[in-house]
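Please find the structures below.
Okay, so chain A shows up in both of these, paired with chain B first and chain C after.
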Partner chain A sequence: MSATMDLEADRLARATLRRNARNRWVAYISLSLGVLIFAFPIWITVVGSTHDVSTIGRGDVPLWFGGEAVANYVSAWLTGGEATRTTRSVPAWVMLWNSLNMAVLIAVGKIAISLLSAYAVVFFSFPGRMVAFWLIFITLMLPVEVRIIPTFEVMVNLGLINTMTGLVVPLIASATATLLFRQFFLTIPDEYVEAAKIDGAGPLRFFKDVVLPLSITNIAALFVILFIYGWNQYLWPLLIVTDRDLETVVVGMTKMIGNGDAQNEWNIIMATAVLAMLPPVAVVVFMQRWFVKGLTETEK
Partner chain B sequence: MATLTLTSVKKQFAATQVLHGIDLDVADGEMIVVVGASGCGKSTLLRIVAGLETATSGTVRIDGRDVTALEPADRDIAMVFQNYALYPHMSVFENMAYGLKIRGMKPAEIRRRVDEAAQMLEIGPLLDRKPRQLSGGQRQRVAMGRAVVREPKLFLFDEPLSNLDAKLRVQMRAEIRRLQKRLGVTSLFVTHDQVEAMTLGDRLVVMHQGRAAQVASPMEVWGRPADTYVASFIGSPAMNFLAATLEPGGGAAALKAGLTIGFPDGPRAGAAGMPLTLGIRPEHIQLGEGGLDLAVDLVEPLGSETVIHGTINGGEALTVRLPIPAHGIGAVLPVILPWDAFHVFDGSSGRRLEP
Partner chain C sequence: MRKKVIFKGTLLPWLLLLPQLLITGVFFFWPAGQAIYGSFLREDAFGLSREFVGLENFSDILADPTYLAAGWNTVVFSSAVAFSALGIALFLAVQADKAIRGTNFFKTMLIWPYAVAPAIAAVLWLFMFHPQIGLFGRMINGMGILWDYKLNGGQAMTLVVVAAAWKQVSYNFIFFMAGLQSIPRAVLEAAAIDGARPMRRFWTIIFPLLAPTSFFLLVVNIVYAFFDTFGTIHALTGGGPGQATTTLIYKVYVDGVQNLNFGSSAAQSVILMAIVILLTAVQFRFIERKVHY
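Moving on, here comes the complex of A and B:
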């Protein structure tokens, strides 16, 4: 009796092991497929940036590294390739510097403004509070593209064409971040506010000593998202900046691609693309711990 | 060290009158417990004293000074919250020191006061920890420590024990009382728990629907409840109420159940036949012939004591608490209602009637 039961249990246990192994293989295969689909274009870019100009020019798509990596990257970094009649060359370091400035200013500016406006909307009761909140909320429905003509005109009238201010300010006002912080602030128990009142902390003191430290993981998560949002801006920089000294890398790269009059320096363009990928990757990798924490847990 | 005086404090939220004029005089060093069911306005009262809520009318005086219009920080009070409200990102030390730091006290003095309070509350080894690394009881102590270091004129407690488990609650209750006596700080303690109220307070304020139903010492509230609400709220199991009418002359009452009860302490004023409510506590009812027959429908054994629920003649419910073990209790129990154990209330208003 007991022997047959043992046998049966053994059979079931082995079946479970087999099933687990099979499930694992299915998981690995589908993951590998996903990785391949996502990573292949990046692989092409990285490999392409190590060949000389004529290889890609012939129409080949090399799948393994060539020998021109150093020359290509130095050229991209220092000169941005050679200008032709329809393209222009801006050194990658200038464009990266501009992009970095823009992305950081947008991220920091958005966070600062949203923190303060969310704080006002949540912790104070004043006439018109809900009106203010809804006005902020409604702007969510109007993305930058919809109001781009009037915004452009305002910037022209203010003389902010071709300035970093003109580039950054219109992108800063952000309903999304305000909304996120509002939701987070609503989870802060009223007792903290009351305890702080009894402790004698004024509104700004409470903001600095309690609200800000409690929001730090949310701020970090938002910084990552907003930095990448800022870094990837295309339409607005394309409109507002014509000065090559203020060119951002995302826009600048497309301007390196000509309209067919001359051969495109794909090796240099790809090297610039690889360089343009690095800062967002660095931000994500560096802030990943905070990022995940900010999205998944609150410090309470 | 201070007195607290409330003069006809009223509070209205939109159309709802939450407090109907509360008057209270708290002596220096006294511990007052405000007790009542949820929604009776007890927390609102505490918050008005704290300055977290503004009274619709009336004045609050601390140590003779009118603080009605002052901010909480300017009232020189300290408060212990139900969920402790310890700042989660600050260490225990920083939590306790925060209020002192804001007041611009010198770091050395802050250190001294926090150390002193920590020693008194036995939380010295915890000063570097974060609140989330503490147990409920430890958080409770830290919350008290934060109040103590301020050396305020007034302690306010907002149901500080209700988040603790039963055993810890009893322990912390005693500790709060000891601490309050030792420091001699005037205190206002809000709770819905009658045992907490009885054991902690020098005097109780029993709140009912926004009014102070009775303000008196715990034994006075228990022994001479001002109305049927107070009588039923304080004491467990709750007092029995029996319908009755006043006999001619006012010296006795006829129970609906068919028994006549004399008033040993003197006749009550009122017309013959006036409706009365007679109250008697379950523990004052005795076993014996010559009284009423109790039809038993539930027996709750408590070990050395037994609580028996049943009905008497006329269908009124009666609860009896007897100092005997539960076994051997039959379906019908003869009980005696001693005359001197009765509380006499007006049948319509519920107010206590004195001789």
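Moving on, here comes the complex of A and C:
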């Protein structure tokens, strides 16, 4: 009796182990395949950026590095390759500098004005509070794409075309960041405010000494997300910037492709693509914890 | 939820709100108002005068076959992007959630494409599928299949869908991972003890519990496919060949910025505004439910 039960249990246990092993193999193989599909386009691009222009132009795309890496990256960094018929070339360092400025200013600006407005909405009671909140909330429904021409007209009238101010300021209004900070401020216990009041601290003092230090984690997480958001802007710089000295790297590098002629300096273009990807990817990889936190908390 | 203890004053809170409200007023509400106002006007050929035409702009674009084609492209493009990005992400998340070694490595390697700009994602795929210089582009041509996404509309659409979905998988993956981790292990173990096989456990426990995450992601993915993929299309196909990859957003850009068609572009903007409002409403209704669980 017990011998047969043991046998049965043994059979089940071995079946389960086998299934678990098979299960693990399925996981490993599919994850590796996934990683491969995600990494391969980058691999091709990085490899391509180390060959000379004729190798790529001929279509003999190599799978391993060539010897032109230094030459290509120096050329991309300093000159941006040769000018095409329609556009003059811009050195990658200029475009990267513009992108960096834009991304940091957008992230800092969004965080600053959202902190202030969330603070006003949560910690004060004043006439028009809900109106202000809804006005900010509604901007969620008005992405640039749906008000493209009139916004452009406003920019022209204000003389903001081809300026860093024009590139940054219209993008720093943020309903999502305001909502996130509002959500977080609501969790700050009432006792803190009471204690501050008893100690004679005014609202600005309370903001600086209590609310701001408590928000550091949220600010860091949000900064990572907003930096990437700013760096990857496309339509807005495409509209606002015609002066190539203010070109951002994402838009600038797609302009280098033009109509995608096989005669393009593909090696320089690929080197620029690598340079354009590097900063935001580095931010995600090295600040992964902040990044995941920022993403899962802002987007709801 | 409301704070019980709050500061007094009217001027200070308005001052704190001023920068945000100023920017939204000048760059959001005023232009949006202009778009709505402009959608009822028509500009003469020389851009000298504008006259009121009622709903004519709307009836014109809704009768315009190129607009309807762009609408259909948008539907095809968005659903293809959303479903492939969601499906692949869910599959990978379930695999990465298994108790295996090296999950952190896999996670990092699957997360980083989020940081790649949509336009750059397009360029990466262009490098691979360019008919003359692309590795796969040449390979397909070598097999005797005529491949040129600059000439063939179906191929162009396929390529923009792949480039757009490729980038969005990592976003969905992060949220599915978070969703999977919040499923109580005890429930899964109980099911396993009761003899439920992995497939059955997935369809009867994991999938239903992930439904709120999936629905939220579906809306986010549709919004992404609608609005954030402008760069992908602009860099890869420029809306072509012909109109094969022109979506509604791309058409607003072409009609407004390149063709300077004032009234039509304003009316298109208003239609898009209605779509965003609808999507946002759906999203927030759902989130309200999630909060009240």
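In this section, the second predicted complex is superposed on the first by the 255 of 300 C-alpha atoms of A that agree within 3 Å, B and C clash if a C-alpha of one lies under 4 Å from a C-alpha of the other, contacts with A are read in each partner's own complex, and residues count from 1 in each chain.
Here, a contact is a pair of C-beta atoms (placed from the backbone, for glycine too) under 8 Å apart; a residue touches a chain by one contact, two chains touch by 3 or more.
Keep in mind that this is a model prediction, so the values were computed, not measured.
Superposition model on chain A: chain B and chain C are shown accommodated side by side without a clash.
Of the two partners, chain B and chain C, it is C that touches more residues of chain A. In the superposition on chain A, A:213 makes contact with chain B only, while chain C stays out of contact range.
Judged by the touch definition given at the top, the superposed model places A:201 against chain B, while chain C stays out of reach. When the two structures are aligned on the shared chain, A:124 is found in touch with chain C, with no touch to chain B.
Legend: residue contacts after superposition of the two complexes on their common chain; A:15 is shown touching neither chain B nor chain C. Shared-chain residue A:59: touches chain C; no touch with chain B. By the touch criterion defined above, A:74 lies against neither chain B nor chain C after alignment on the C-alpha atoms of chain A.
Between chain B and chain C the least C-alpha distance in the superposed model amounts to 7 Å.
The residues of chain A shared by its contacts with chain B and with chain C are 194, 197, 299-300.
Residues of chain B touching chain A in their complex: 50-52, 71-73, 77-79, 81-85, 87-89, 98-99, 102-103, 132. Here chain C touches chain A in the complex through residues 1, 3-10, 12-14, 16-17, 19-21, 23-24, 26-35, 38, 88, 91-92, 95-96, 98, 100, 106, 108-128, 130, 132-135, 138, 150, 166, 169-171, 174-175, 178, 197-198, 216, 220, 227, 230-231, 234-235, 249, 252-253, 256-257, 262, 265-266, 269, 272-273, 276-277, 280, 287, 290, going by the rule given at the top. Residues 19, 23-24, 26-28, 30-31, 34-35, 37-42, 44-45, 48, 56-57, 59, 61, 112-114, 116-117, 119-129, 132, 135-136, 139-143, 145-154, 158, 169-170, 172-174, 178, 186, 190, 193-194, 197, 202-204, 206, 228, 231-232, 234-235, 238-239, 250-251, 253-254, 257, 260, 262, 266, 269-270, 273, 276-277, 280-281, 283-285, 288, 291-292, 295-296, 299-300 of chain A are the ones touching chain C in the complex.
Residue ranges on chain A touching chain B, taken from their complex, read 189, 191-192, 194-195, 197-201, 205, 209-210, 213-214, 299-300.
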